[in-house]
């Protein structure tokens, strides 16, 4: 029941907004549906807390501790982002950057995008997972090109082609998985792609096929995660799309992609009984971190900057999942949560900052605290949080990851140290003059929506100091589910 | 090829032709022809699917054959042709790597993919397993084609042929995916095409050409 | 503390305070002889002090209280220093309260106040003198400390009387470490007491003077105290030298009052000889350029550290 | 203390109170009166309370508790033992004085709003307290980084000035990298048990190699915070940038938390020490001490000068730490105890002296608006209070008896002196050289202080504007007075203080307590025969002689005294410009230690109308170490950027290559 509501409300919203999205109350309707989705997600969560993981819709849908908290997270960030986009999009429209038609497109696509992500998270069928991922790409491509500027078109095109090709590899990987599964589960084609069934028999799946399948899946979904060197679409898409989209892309879509990879990793590792997938994940993770850190060093565009920081953090998460084990998995899950909260908060603040100073270039944005302290402090605190400064939650996960690495993979720690140091220098040296110093910003017609920023930061802060027991319970169940060496 | 039944021989022939087609797509520079080749590829795919369907009597294969026919043989080629006519992009410019070199690379790729398919098809129970290598080859070749192309249009065509390769792979390895997935994939492909259509027009009105070198401004190195 | 100890303590302080100018006078007399001048009387410094104390004091306009307090501080420190150096007796109650390191600290205190006072009026000479004094000081002080360390290691204590006793109880023998440090000590003594080759007490040539430059603004009783303190400093240094290198003959509990009485003439003899030698050194050596002073003192510092290392190496 | 709550809870409550006071600042963020008249005094009260509680707990068995905070499975553990007590009482007492001073210090319109400033300030205090209480790695790191963060915001109070922003950035960067080092060190220490409590770390027995790794990482991390050469570069930038009370806190207290960290990790968490660690610490310490003092001698900015002198003192402290490790590693526990005491004592002393001096500069800064020594002078006439109180600090830090600076120097030298029987001969050879360096540094510190004090407060005014300078207000005098009193007390009754400190030695080195002589006024580390120091008697005698002298002079000759112009040796136009400048005073040092400086001189030409002589002294390490590092990173960044060159076919090639490589790798 909740599940149906969860999936239906954004779809319904998409349809409705496709018709009325340009109306005066469009943004409110958008927020309304997001709110509905969030409620559904909460209800679902309640049920899972009560009854444990459950299979729905003729086993086509699975809700277990691993994905339910991602579902809630997705719904929540979706809601806050829609709240944020209310004033933001109004201002954009008044600056004449958007026509009513595009506003309509934006709103309906936003809902569709939410729907696809939720589908990807909740489905039990790896094939449907693929379909949903592809759909998510398609629904965001047009959002990236919303402004129709040359740059945004280029970004959109790269996004489309690179992710399309990548996802095609993922499809082949899924096919190989199916192929392997069929030989165990028999030709009853319906069940052979259901994750639960595969998980049950993963011990008997054919190793060679699965290792090949994993390569295809990793390259495919890894492209969407933005693992270097497959990441090239990510900064462009983040920088050129409207800010709410940047927020959900790096806050949610990347999470979903990682989710897909981890699901597959569980199967493959189960069948291979070797650490091959883990090593691949660690390698990709480290590579992404290091490259991203150095890319950060010379950014001029604030949104690009934080896009690269997303790559860096995806690298950290991938590395942690690669290390495996209860602590590292737990840390990785925690990091997924706090990263998406923090990063979306940052993008909110950045969005308002860019509007205030009418530019995305870092050297045009100066001295925010003097003209609007709230935005300034939001950006400052957000950046510090994302840089792993306690008492914010990002630090908690990085603490666990670093200490674990020191124990399990000492060879990697110099790289980690280098990455974090360089990233810190790069980001902070750019954010500091934006927040402090003499100002260049201007007044705006609509008051910025700062509630989302500070709500997110508050959550992150709390997660840094105190993880409520039931949440901890989730994380631990999920971590156990993922397992690893 | 001694004790192979007719249908299998036909199937292998289809596979060989597919491979040939993707090579010719690698070389071809006239977009209209590219689209035609794509349609031909689709047709072969349909044929192969029908053969397998007839052989195994899998009902859903007929359906997927129908889908493929509608989508890849009729729908998309028509759409592409209209686009080509609307924005007269009949020719692709000189590819990034010159054709003969591409051919050589393609050859290596084929060898590689056959090697790749070896362990899998060794396990496969389907009669069509031997064609799996060809499917992989088609996928990788169209990947190569996407790399070498310089016009948006031809890149898309290559992309679609990759999809064909995927379908062929699925068909030959496992007699196709579960129906629900097939439908979903088909839907995605359709949507993708529509999005592409929109895209082309947007790109056109921005740069009044589909040359990809317009799309090389977002970068890190100055 | 025993009455004897008290007596020793008192005797030391008083005799040092009172006899210091005479020692200075003696040194000047010897210098005059060696330079074939008609020598002033040994008591000349006393006359000078008396004259100064009778004059009216003249202070610069912007002299601060610190300027007026400095002479008393400097004089006081020197007296206290005299109280912990075993010149005649080793049973000094004060020496438990302040050991060799504290002695160096006291001398540093005096130097610091002198320099601050010199900077107080704000004339070119004052601050120049202060700078040079500190420059000499920051090399001389550690050197002196190292010298004391050698002695302290030889007799495994830092309290001066005990050092003196320990050294005097050793059988007469060659201590290479002490040889090194003795040379170092002489260098430090020359530098710290503004003697040639570092400074020349009897010149007021602006470019070379150090100690005198700091005293330019003082007059009357303040000047008198400063001069007296300077004499006392020289005396103290001489006594340190005796305690470290000629420790024999100082009275102690064992020897009783008699030993103390014996110690007095002995000290007098040591002083006479030392004064003559000092005068000789001064006459034979030429004044160094101020910039060369650091090298001179660095040598002293080096020698002292060498002495320490030699001691650790040879155990002697 | 017989409170209804345990001492630990009391400390925790006081820290919480600090946090609350900080938050209260947000109630009326723009009101300076509210912050100054109400909140800062309250903070001071908390500080006093903390000092009393902590000092009272010394010598009692440690208390520990678990807070319902933190990550699942690893809640915040806190513990109150002798080591943390010593540093807590340091924090409490010094911060109390500084808070009193701050109550009158901050003015309107200096960058950050008063309320926000109050929040950052008290958060800083509370986090430092938390660092000292923390008993597991996570809470320690959280407190540690909160400390860095809040102090960063305090440093950048006047964020409109680019230099200050740059300083803040450098500070936070080095602090963060250091923190990562500490974190990794904890990663080693926890030794496979995913328990991050310090108890677990004490229990975990590491292989010697891993133990060394942990120690080196910790030394790196804490050294970066303490300003140990070559990680010191942030310090001379950040301290001048910050408002003076903040500089006082950072230099006086925050640097000590780093020392605390080193002691905690080395002697508490790492079970056994290896003596060569000590040599590393010793070497770095001596280097910092020497480097710091010679750079202090050539500075022309008064706060920068003090910052460099902080580097020197941190160096001396680490020398003590190194000595302790050497002795402990060599099994000479009593000597180890002696040098540990010396180290702790110097921490206390430096906290008082340096805070006092920084507050003094703060008052001068407010009265004159000038930090450059070249434009100050003669302030003793206009602001006698500040001048005399600062004099106490200056004499103390120059290590003169009977003030406190001398005591720790004395103890340290004693430790060096009787090191004779370390089982490694060449260490025996090294230690005297170390002693020599320490002696040299102390003497140089005297030089520095004469320059500092003489140029600011003595002589004639170098600028006409100084004639109108006003003396500090009441609360500022109170704050400084308290610190000066502290210097005096620490100097006069060291024996008492050391009996308190001995609890730490007893706890960390398991030496029997009560080895410190019987007389309450006499300080006798080993045997009174060997060495003893009774500052009270010394001071009494000194006062007595001085009084006698004064009395005698008055008695014999009561003569008039008159004022007149200073003697100008016939050259009439003698003015303030002709007295020695700060540069001039530093000249001998520049001359002698030339190879250590990166100097650029600007000499006047013979036919100059307005001849200028300017010399700027730079830090060699900056150009040798840091600039190349930055350049390397930049070059790498440019190299990496080539990957992203905008062409879609290239990107596709990347994917293609990755795919093929991985496939080949799998097959």
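Should a chain be cited, it is by its letter among A, B, C and D, assigned in written order, with residues numbered from 1 in that chain.
Assume a contact is a pair of C-beta atoms (placed from the backbone, for glycine too) under 8 Å apart; a residue touches a chain by one contact, two chains touch by 3 or more.
Everything numeric in this text was worked out from a predicted model, so none of it was measured.
> Tell me the fewest steps from chain B to chain D, where a step is a jump to a chain it touches.
The fewest touching-chain steps linking chain B to chain D number 1.
> Which chain is in the middle, if each chain's centre is the mean of its C-alpha atoms?
So the chain nearest the centre of the shown protein is D.
> Would you kindly tell me how far, in whole Å, the mean C-alpha position of chain C lies from that of chain B?
Whole-Å distance between the two chain centres: 101.
> On a C-alpha centroid basis, what's the spacing between chain A and chain C, in Å?
Computed from C-alpha means, the inter-chain centre distance equals 78 Å.
> What whole-number Å value describes the gap between the mean CA coordinates of chain C and chain D?
Once rounded, the distance between the two centres reads 36 Å.
> Just how far, in Å, is the C-alpha centre of chain B from the one of chain A?
Distance between chain centres, rounded to whole Å: 31 Å.
> What parts of chain D, by residue number, touch at least two of the other chains?
If we look for residues of chain D contacting two or more partner chains, we find 638, 640-641, 643-644, 648, 652, 659, 663, 667.
> Give me the residue numbers in chain C that touch at least two other chains, ranges are fine.
Not one residue in chain C touches at least two other chains.
> Where in chain A do residues touch two or more of the other chains?
In chain A, residues 157-158, 161, 165, 212, 235, 295, 298 touch at least two other chains, as defined above.
> For this entry, which pairs of chains touch?
A-B, A-D, B-D, C-D
> Which part of chain D faces chain B closely enough to touch in the complex?
Touch list, chain D to chain B: 638, 640-649, 652-653, 656, 659-660, 663-664, 667.
> Where on chain D does chain A make contact in their complex?
68-73, 137-138, 141-142, 144-146, 149, 156, 159-160, 162, 165, 168-169, 172-173, 176-177, 180-181, 183-184, 186-188, 190, 192, 194, 196, 633-634, 636-641, 643-644, 648, 651-652, 654-655, 658-659, 662-663, 666-667
> Going by the contact rule at the top, pick out the chain A residues touching chain D in the complex.
For chain A paired with chain D, touching residues are 157-158, 161-162, 165-166, 169, 211-212, 214-216, 218-219, 223, 229-230, 232-233, 235, 276, 280, 291, 294-295, 297-298, 327, 367, 369, 384, 387, 389-391, 395-396, 399-400, 402-407, 413, 417, 420-422, 424-425, 428-429, 432-433, 436-438, 464-467, 469, 472, 475-476.
> If we count contacts the way the header does, which residues on chain A are in touch with chain B in the complex?
125, 127-128, 130-131, 134-135, 138, 141-142, 145, 148, 150-151, 153-158, 160-161, 164-165, 168, 171-172, 174-176, 178-179, 182-183, 189-190, 192-193, 206, 208-209, 212, 235-236, 239-240, 295, 298
> For the complex, which residues does chain B have touching chain A?
116, 119-120, 123-125, 136, 139, 143, 146, 152, 155, 159, 162-163, 166, 169-170, 173-174, 177-181, 184-185, 187-188, 191-192, 195-196, 198-199, 202-203, 206-207, 214-218, 220
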